[in-house]
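These notes open a run of structures that come right after.
Shared chain: subunit A. Partners: subunit B in the first complex, subunit C in the second.
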Partner chain A sequence: MERKIGVYICECGPNIAEKVDIDRVIDAVSPLEGVVVAKRYKLLCSADGKKFLEEEIKKHGLTHLVVSACSPKEHEKTFMEVCKNAGINPYLFQLANIREQCAWITDDKDEATKKAIRLTKAAIRRVRYHASLEKKEIESNPDVLVIGGGIAGIEASLQLTSPDRKIYLVEKASSLGGLITNFEKTYPSMKPGSDSIKQKIQDVNKNENIKVFTDSEVEEVLGFFGNFEVKVKNVTEEDKTVEFNVGAVVLATGSTLFDPEKTPQYGYKKFDNVLTSLEFEKMNISGKISLKNGKPPKSVAIIHCVGRDEKGYCSEICCMYSLKFVRYFMDKIPDVNVSNFYSDLCIPGKSHQKFYEQTKGKNVDFVRSSDVDVTKKGDKLGVQYKDENGSKSNLSVDMVILAPAIEPTSDAPQLAEITNISQGDGGFFAEEHEKLGPVSTSTEGVYITGCAQGPKDISDTIIQAEAASGKILSSLVPGRKIEPEVKTSHISESLCIGCKLCLSVCSYGAITFDEAKKISVVNEVICRGCGNCVAACPSGAATIKHFTFNQLYQEISEAVQ
Partner chain B sequence: MGEKDQYSDVLVIGAGIAGIEASLLLSKADRKVHLIEKTSYTGGTAIKFEEVFSNMECSTCMVAPRQQELLQDKNINLLTLAEVEDVKGSFGKFTVKIRKKARYVDMENCIGCDACFEPCPVSLKNEFEEGLNERKAIYVPCAGALPNVPMIDTEHCLRFKGKDCKACQEACMFEAIDFKQKDEQLELKVGGIIAATGFKIFDPEQVPQYGYGKFDDVYTAVEFERLYASNGPTEGNIVLKNGKAPKSAAIVHCVGRDKKGYCSSVCCMYSLKFNHYLKSKIPEIKISELYTDLCIPGKSHQKFYEKMKETGTDLIRAQEVKVDKQGEEKTITYNNGNKKDSLQADMVILASAIESKDDASDLAKILGISLDEYGFFKEEHSDVSSVITSKPGVFIVGCAQGPKNIQDSVSQASAAVGKILSLSK
Partner chain C sequence: MSKSKDNSDGKAAVISAKAGVKESIIDFLKKAMDKGVFDAVLIPMRVPAGDSFAYVLIKDKTLLKDGVPLSPIMSVQGAKAVSSVTRLGKGKMKIAAVMRPCEIRATIELSKLGQTDLENTTLISMDCPGVLPMSDFLIDPEKNIKIFNEAVQKWDDAIMRPVCQICDKSSMIAGDIHIGTLGAKKDTFFIISNSQKGNDVMDKLDIVLKDSIDSWQAKVKNITEEKHKKREKNLKDLKSKIGGLDNLLDTFSQCINCHNCMKACPICYCRLCYFDSDKVKHPSEDYLQRAEIKGSIRFLPDTTLFQMGRMMHMSLSCVSCGACEDACPMSIPVAQIFSMIADEIQGLFDYVSGRDLDEPVPLVAYKEEELHEVEDAND
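On to the complex of A and B.
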């Protein structure tokens, strides 16, 4: 096909016109092969300018468009839109930045002009090698797999469900509810914890669009956003598996507690009456706080930050729930002495300090301490510690409650592998972006919520469950097709040597290996065009559409000529 | 919305990081969004930061693509210099009155070349830069502001004070300056409302012991952010008032915490970030961090702290911190455990509490929601979603609901969108 390239140079008012000799640029590029027209215009991004470009494309029957103007960040989309409206493929267009890269960086008009000529020529050379790219649309399944039936999974399911969207809620245990079922009350409101979840479990069970699998594990998740194939296995009846398709996956698998046996100084499992926080919650909700001998404790030590040094992070909620424990005691055994052994009191947020102030009392002690040790002292337990000034001290108590760090569940590595996401800090599931993508992951359509993403309280867990729902409800709409990335990678069958390097660098799981042909294959629906595989490929088999070697080579060789 | 005669458009108030997230997500769901922003620019407070903890990513580079996306999104109707005046109706059927101030610069014609600034004869303190440099009466708050279109400050522009000045208009090659623009009143019909109006920082002049406003080189955290910002008043050079680089700096945590009655949750982390700022520009600087309790919750933050410890910074647990001046240097006295101690520093940075905006109570009244005892927008109750208010259809996100970091603000924004899409499907 004969190329008819139109070149248009924007004056950008005085911005380019005063610093670049535009006529010289036009003279320099007019004779180039394929260029049928080269003109200047006052402001191409204006309404008049866009209309002018559209008319020019039609009038000259242009097949390719080059605009020399500002940064692609500013107006690449604008001119691609113009191409579309004028009937040429928007990828048969190239923008040369002669404002930020020429006009605005020097007062030397001659230098600016020379560089503008180079950049414009390079753009012309490049556009010759451009290929049309078409947007694709694929059908998507609006149903959602939610893994984990705790508060996060339940909230997500309830918010996502609708008559045209089915939710599959998979829970490892034999009943829904998760950790919160053990909490008599939640801070800072001190409202019932386990009771509130019961109502929600009922709502889930009543909802005919939510299919609940208890005693079940997800065995396999294959596919991509909009089209995942899922296999769920019943753990009590090993051979019973169910298969279904969904469009998105929510991981709400929660967390577990650091095992205090790994920090023997606290005497856990060595001495009676040393409990973890969860054991204490369970004891409390069962109705009676008591020692092994059946009597109520007269003195209690709550040791914060158990396992923090080993884990390397602050678990965020331990200070607050320790204060809640003090409240439990104040309500049930008012004359008990409670001592909190803490390092730094971490009670962030608007409503927590007040809770702390209200928890202080005559029988409640807060001891800033380090090097805490628990020993047996007759019938009692001895807590040895270094106080704030470094001097050693000790205290005898009847009961010790440990606040161990929050850590990922033991099946987190397996779940990460199944859903093709990674584990980040502390072994928790890694979010797509620390700030802007807290519930998304590197695999599109797989979301992470609650303590599976990192330690957090119930309120923040609910927020993340709702945030994941927001992401899904906005991008996976029943009846709407999804548009995958256009500028994807492609691996040449004949050049690929089967080294599999690309598989290891792809963050999105878009590349698979064809064992029969011994070559790597890109799934264009999953590929996001990051270019990692292109950089890694030793044989030049991987290329990115619209950024092919040839396109870049042609552009650069013209620019540096 | 599913039900007939309900409005599907959504009003988002505040174009900071939370409002941007909410708007883009709603647009993705094919909802039309009216995004109301009081200032002339988008990005809120996040664009004042050069870097964000804990991966020290460039904040502008993080936010700018989102701002750009916002401006190009056809589902989003961004109204700058606009405020909500009245809200009537209920969830699914709100009628909102907006007052939009004239910018006096045509958004279509202006290309953001800045040619109008120089000829303007008026100079005054730039609020965006915390008053650390000057701007003109026609201005953008900082280089790289989006939309990159200046506004005219009619309180200071000579023309609006009766003089016949048209210096900016004469300098503009694009006929973008339009003195005839008028303030507008708009009426919008929306189904849901998300309030994402952000925060301000506690004024340390209310706690005079820190010497803020009395001594030179005592800065608030936001002022210091701008001192380090490459598009800020010193182009990122951390200097004292006398033009020299500081040899020592003290970062004081928890400023105003006692007055406010809560921990602002982000100050410890950004103070550690400041340590990095200072060390990266002035490697030999001596830094002291004066804190009460180190609050660095979450899986990624302690790592950042461990790294900071290696830089040789003095971490001092301190109470009753007081700043005095002796010659050029500032003397900081404090209680450490039971003993009194002191140190010297050229520069003092105050990590001031996060508090609600001055107009939060007015806006709450208009929206029909309440404020909590601290002046933040009040969630209905803390056991359900914190974005729900007592008024159905009105959601609160980001620091307008309470102090929090960017990640949690973004989560809340997505959560509010989830609520709206879920309740009106």
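On to the complex of A and C.
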């Protein structure tokens, strides 16, 4: 096929015209092999400019187009669209950046012109070796994988479900509900906690569009927004694996408590009647708050901020649930004395201050303190502390409740790796942007909600679950098509030597190994064309479309000539 | 294979070698075959014509007597032999491969690159005195075998290949079992286990690992330190000779583009080398254009580019075995040059090629903090 290359140089208003001698560039590239036309135009990205280009392509019967203008980040897509409209394959086009890389970086017009000539020539040389590439369309999958069956995951599932969208809810424990099932009541309303979750669990179980996997873990998530391939393993039946496809993933894996054994000064696991907050909730919901000897406690110390210094953050909810514990006591053992030891009280929000005021009372003490130690004192526990003035004091109590820091569950690193997202401060899943993208992540189509993202209470968890659901509902519309990457990698069957280096560098899990042929194979639907495998491949078997060795060689050798 | 390189007591046994060290090693291998510990042994053997040595996979144990654990030349790098046998799978046979430490390291490096499957292979290394340059050896093989054997007795490396003379890993244990002859009392040698696989072999042969290898370690330390000093000095001299673009171009200007170095290299494993492919064959106008710009162009072109490309690919995995230099018909000191570059490149990543199967090749091991040495100091 005879190549008819058209070269168009954009003045970009005064941006390029004043800094680059465009006529000299035209003179330099006009005689090159295959160039049938070289012209300048005042603003190619304008409506007139696009129309001009389209007419030029048709008039000269161009087979390839080179535009010397701005950064490809700005208008590559614009001109590819022009190619499409004019009837040539949009990949038979190359954009040379003579604005950011020439006009804007020097006052020396001669130097800028020389470089513009080089870059334009390199683009012309490169475009000769371009191949037509075709866009494919695949159906986007509207289904959603929700990982974690606590309040966050349950809420997201219920928000997302609809007759044309299937939800897969995966929970590692044997039943749904998560931590909230242990809470008799929730603050500040002091309404039953476990009751509200029970209703939601029923709704989930009744809903035929929500498929629940309990005792299950997500083993693999490959692909991208609109097209993830998922593997879920049942942990009680080791070899039972289920595979399905979804369009989006919600991580709602919740949190766990900091292990107070790492802070031995509080006597946890050393002395009887030293409990974590969760152990206390469980004791309370089972019906009886009692000491090891079966008697009810007469005095209790609640130690806030356990592990705060170790973790380096405030866990936000401990103060409020500690106040809730006081309420439990006031209801059930009215004459008990409760002393709260805290470093800072965290009671923000429109109703929390009121809750605090109502909880304070004659038997309830709040002590701002540091250096709290728990020791054994006969039948009782001794709490030693430094008060605000720095003087040391002692208090004897029957029971100590620790409010340990909230931390991500132990499988968070593994899940971060599986879903290709990062972990931020404290090991919590990192949001895309602290303020502007609080439920999105660095991987499109993967969202985070609830305590997996950071410590938060139930209402904030629900807000996030609804936010993530809203994100998905607005972007993952049933019936919408998605276009997989066109510039994908390809591994030559005859050159691949089977060293598997590409497998270890592929961030998308797009490469599999064919054990029979001992070669690597690219899944072009999953491949995003990042080029990692091409760089790692020692035997030149992996190439990436539109960035082939030859295209790059030709471009570079012209540019450095 | 374990990470540890210090072979403390409890890992070694002293073996009596009244019949001679070589004979006793062969006897050890034969016993292992008798007991079914190994189904076959891969070991160098003198070729029937007598003028070379080749790796032979011995299944018939009566042939073991002709095995030569320390051959005077390296006509084939042992890793290539192991790869031939195991590249497409570990196979059903349990194989013992008796090789030099650099060959073992190349084998381990190839395993990381998916080119050997070592599950059924036991790697047995020996203290290595070096090998003779191939070209010297071929002048009079009979005489040179004698000279080599005498040099081994005295552990004198003056006649060995230049890259062997500066090898500071000549007793490095990277495989499963190491046979130590240095520092051993007369008519004995050490057998050192370096892995569970090695321990299992010893168990089956009723060899109790209870002896101290202090004397071996002391001797190895001496030799290694001495060689390391010589290595640093020689490579520094070499660097001053080939450093800079002009010197580099001069050094490689003798290259005749035969690609023998690439074919002899145990690590160079591509199915088709880029430099043998059509990708380096350009239309004549490209050459004309280059001639126009520079005034002329030499043919065959791009010999230095080939060397640099191979260096790029190999320097992370190069084990300094010297096979390339032996294979070079133009006597370019390729092995020494590659050794020098390999030391520097691997040093950047605290990596020693073939030291440990569990150490990933740096190319695919991402570390957030690395390569500060090569960052621009002005940044």
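Quick note on the criterion: the second predicted complex is superposed on the first by the 306 of 561 C-alpha atoms of A that agree within 3 Å, B and C clash if a C-alpha of one lies under 4 Å from a C-alpha of the other, contacts with A are read in each partner's own complex, and residues count from 1 in each chain.
The rule we apply is simple: a contact is a pair of C-beta atoms (placed from the backbone, for glycine too) under 8 Å apart; a residue touches a chain by one contact, two chains touch by 3 or more.
Everything quoted here is computed from the prediction, not taken from an experiment.
K.L.:
Of the two partner chains, subunit B (first) and subunit C (second), which one does A:500 touch, if any: first, second, both, or neither?
P.N.:
A:500 sits against subunit C, while subunit B stays out of touch.
K.L.:
Quick check for you: in the superposed arrangement, does A:542 touch first (subunit B), second (subunit C), both or neither?
P.N.:
So A:542 meets neither subunit B nor subunit C here.
K.L.:
With the two complexes superposed on chain A, say which partner A:26 touches: subunit B (first), subunit C (second), both, or neither.
P.N.:
neither
K.L.:
Touch check for A:305: first (subunit B), second (subunit C), both, or neither?
P.N.:
Neither partner.
K.L.:
Is A:477 in contact with subunit B, with subunit C, with both, or with neither (first, second, both, neither)?
P.N.:
First partner only.
K.L.:
Regarding the shared-chain residue A:518, is it in contact with subunit B (first), subunit C (second), both, or neither?
P.N.:
second
K.L.:
Identify the overlap between the subunit B-contacting and the subunit C-contacting residues of subunit A.
P.N.:
In the superposed arrangement, which is not itself an observed complex, subunit A uses no residue for both subunit B and subunit C.
K.L.:
With touch defined as at the start, can you tell me which subunit B residues reach subunit A in the complex?
P.N.:
Residue positions touching the partner: 17, 21, 25-26, 28-30, 52, 54-55, 57, 62, 66, 68, 72, 108-109, 111, 113, 115, 173-174, 257, 261-265, 293-303, 306, 317, 337-338, 372, 374, 376, 381-387, 402-408, 410-419, 421-422, 425.
K.L.:
Under the stated contact criterion, what part of subunit A meets subunit C in this complex?
P.N.:
Of all residues in subunit A, those touching subunit C are 494-501, 504-505, 518, 536, 538-541, 549-550, 553, 557, 561.
K.L.:
Inside the complex, what are the residues of subunit C that reach subunit A?
P.N.:
88, 113-115, 269-272, 274, 277, 279, 286, 289, 293, 313, 360-361, 363-364
K.L.:
Where on subunit A is subunit B touching in the complex?
P.N.:
Residues 12-15, 43, 45-47, 73, 77, 159-160, 162, 186, 188-189, 191, 196, 308, 312-316, 344-354, 357, 388-389, 424-426, 428, 434-439, 454-456, 458-460, 462-464, 466-471, 473-475, 477 of subunit A touch subunit B in their complex.
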